[in-house]
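One structure, as structure tokens, below. Some questions next.
Chains: A, B, C and D, in written order; residue numbering restarts at 1 for each.
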Amino acid sequence: MARILFFGITREITGAAELDYHASDLQELKEALEKDFDRLSVTCYRFAVNGAIRNDNTKLQDSDTVALLPPFAGG
Amino acid sequence: MARILFFGITREITGAAELDYHASDLQELKEALEKDFDRLSVTCYRFAVNGAIRNDNTKLQDSDTVALLPPFAGG
Amino acid sequence: MKDYLFDGPINDSTIVSILNYGNEDLHAGAYSLFIGRVRADDAGGKSVTAIEYSAYPEMVASQAEDIILSVKNLYPDVRDIIFLHSTGVVKAGEISLVIKVSAGHRAEAMKACSATLEKIKEQLPVWKKEFFNDQSSSWRHS
Amino acid sequence: MKDYLFDGPINDSTIVSILNYGNEDLHAGAYSLFIGRVRADDAGGKSVTAIEYSAYPEMVASQAEDIILSVKNLYPDVRDIIFLHSTGVVKAGEISLVIKVSAGHRAEAMKACSATLEKIKEQLPVWKKEFFNDQSSSWRHS
């Protein structure tokens, strides 16, 4: 199971700071998440895998930490 | 007698923070000063009259305060 | 100073330590500081009373190092860059961000400070939720 | 804050009062500060140990007001500009100039701070004499 971290509005939508999911790549994870939390499908976010931003066809291993990153708003 | 103020290197040259001179305009003052302190003739400076920068044909009155301003070097 | 996040509003004594950090460098003639405060913005008849910032700390650290390195590469006269961003609740008028760039000369200090700020906005994983005087709140992009 | 000159190096507590001056303005989201320090410049095998600044105080006041007004006219988002320049001896590593510009937003704050500094260099009647580690000294243009 990969560890999934939620930030910003995605944390508010899931109600959790982190959850565990099994998925072979980010696309599969995205589908599973949006099935469980349908507001995610209308929310703008990117994925980071182990702290680096990655696109949807990135493969996942169970040891990975994936983060859902809404648009940054610091400063 | 107009009151003449010296700043920066012009104060070092004259050895005085201020002196009194009588002159009808700045050109005449400049000649009198450079006669008394010949290093002034090779020194770069502008005049201010009562705090505003003025050119050499500016008339002087005895109530005026004139300042010798070497190039500014603040900041 | 290896911390980039600060819990709550940034106070005077923290700003003074940022100011004095690295001041043994006698070739740094110019410090440019940017200080960001929460603004009591008006939006449709209501005004911002506070912002709650959240962050992804591990990624903040790696992104911060990347930002600092890339700005130093752009502006070789820069001697040091440090910054601190708040997390948690910061009320209107309080300080949520401090950047300090030290450089030999003024122009590079100021340009590098501006570049650091732009990169923080683009690259630092920080989020904000605005709270308004009518008790409503909303997530804010930018 | 109607003073523009400060006797000796500018200390931390003075910088904190500059920082906090006007902080009741909840629409000022950005402060840009420039801090100038005496640099231990090397020049022909000797290095600067201190600078002695002198000024024409009455003219400093009128020129400062002129500088502030003209920068505010250029950058209408600016809410306030204050600055303080040392007179007397300031040693290498000590602070001789602090400028603070507060504005609604970051870009105008930073551009106006830079413009204020350039105008100070051009228009403020301040002079400096550099002292070196071999006991020599010289008047410096710029």
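Here, a residue touches a chain if its C-beta (ideal position, glycine included) is under 8 Å from a C-beta of that chain, and two chains touch if they have at least 3 such contacts.
Here the structure is a predicted model, which is why all the values come from computation and not from measurement.
Without chain D, contact groups among the other chains are A, C | B. When every chain is reduced to the mean of its CA atoms, the largest separation from chain D belongs to A. Averaged C-alpha coordinates put the centre of chain C at 23 Å from the centre of chain D. Centre-to-centre separation of chain A and chain C, using mean CA positions: 26 Å. Centre-to-centre, using mean CA coordinates, chain A is 48 Å away from chain D.
Taking each chain's centre as the mean of its C-alpha atoms, chain A lies 73 Å from chain B.
For chain A, residues touching at least two other chains, in rising order: 75.
Multi-chain contact residues, meaning those touching two or more other chains, occur in chain C at positions 36, 106, 117. Those chain pairs judged to touch are A-C, B-D, C-D.
Contact residues of chain B toward chain D in the complex are 5, 7-9, 11-12, 44, 48, 51, 67, 69-75. Across the complex, chain A is touched by residues 36, 53-56, 58-59, 62, 85, 97, 117, 120-129, 139-142 of chain C. Residues 12, 15-16, 19-20, 23-24, 26-41, 92-93, 104, 106, 109-110, 113-114, 117 of chain D are the ones that touch chain C when the two sit in their complex.
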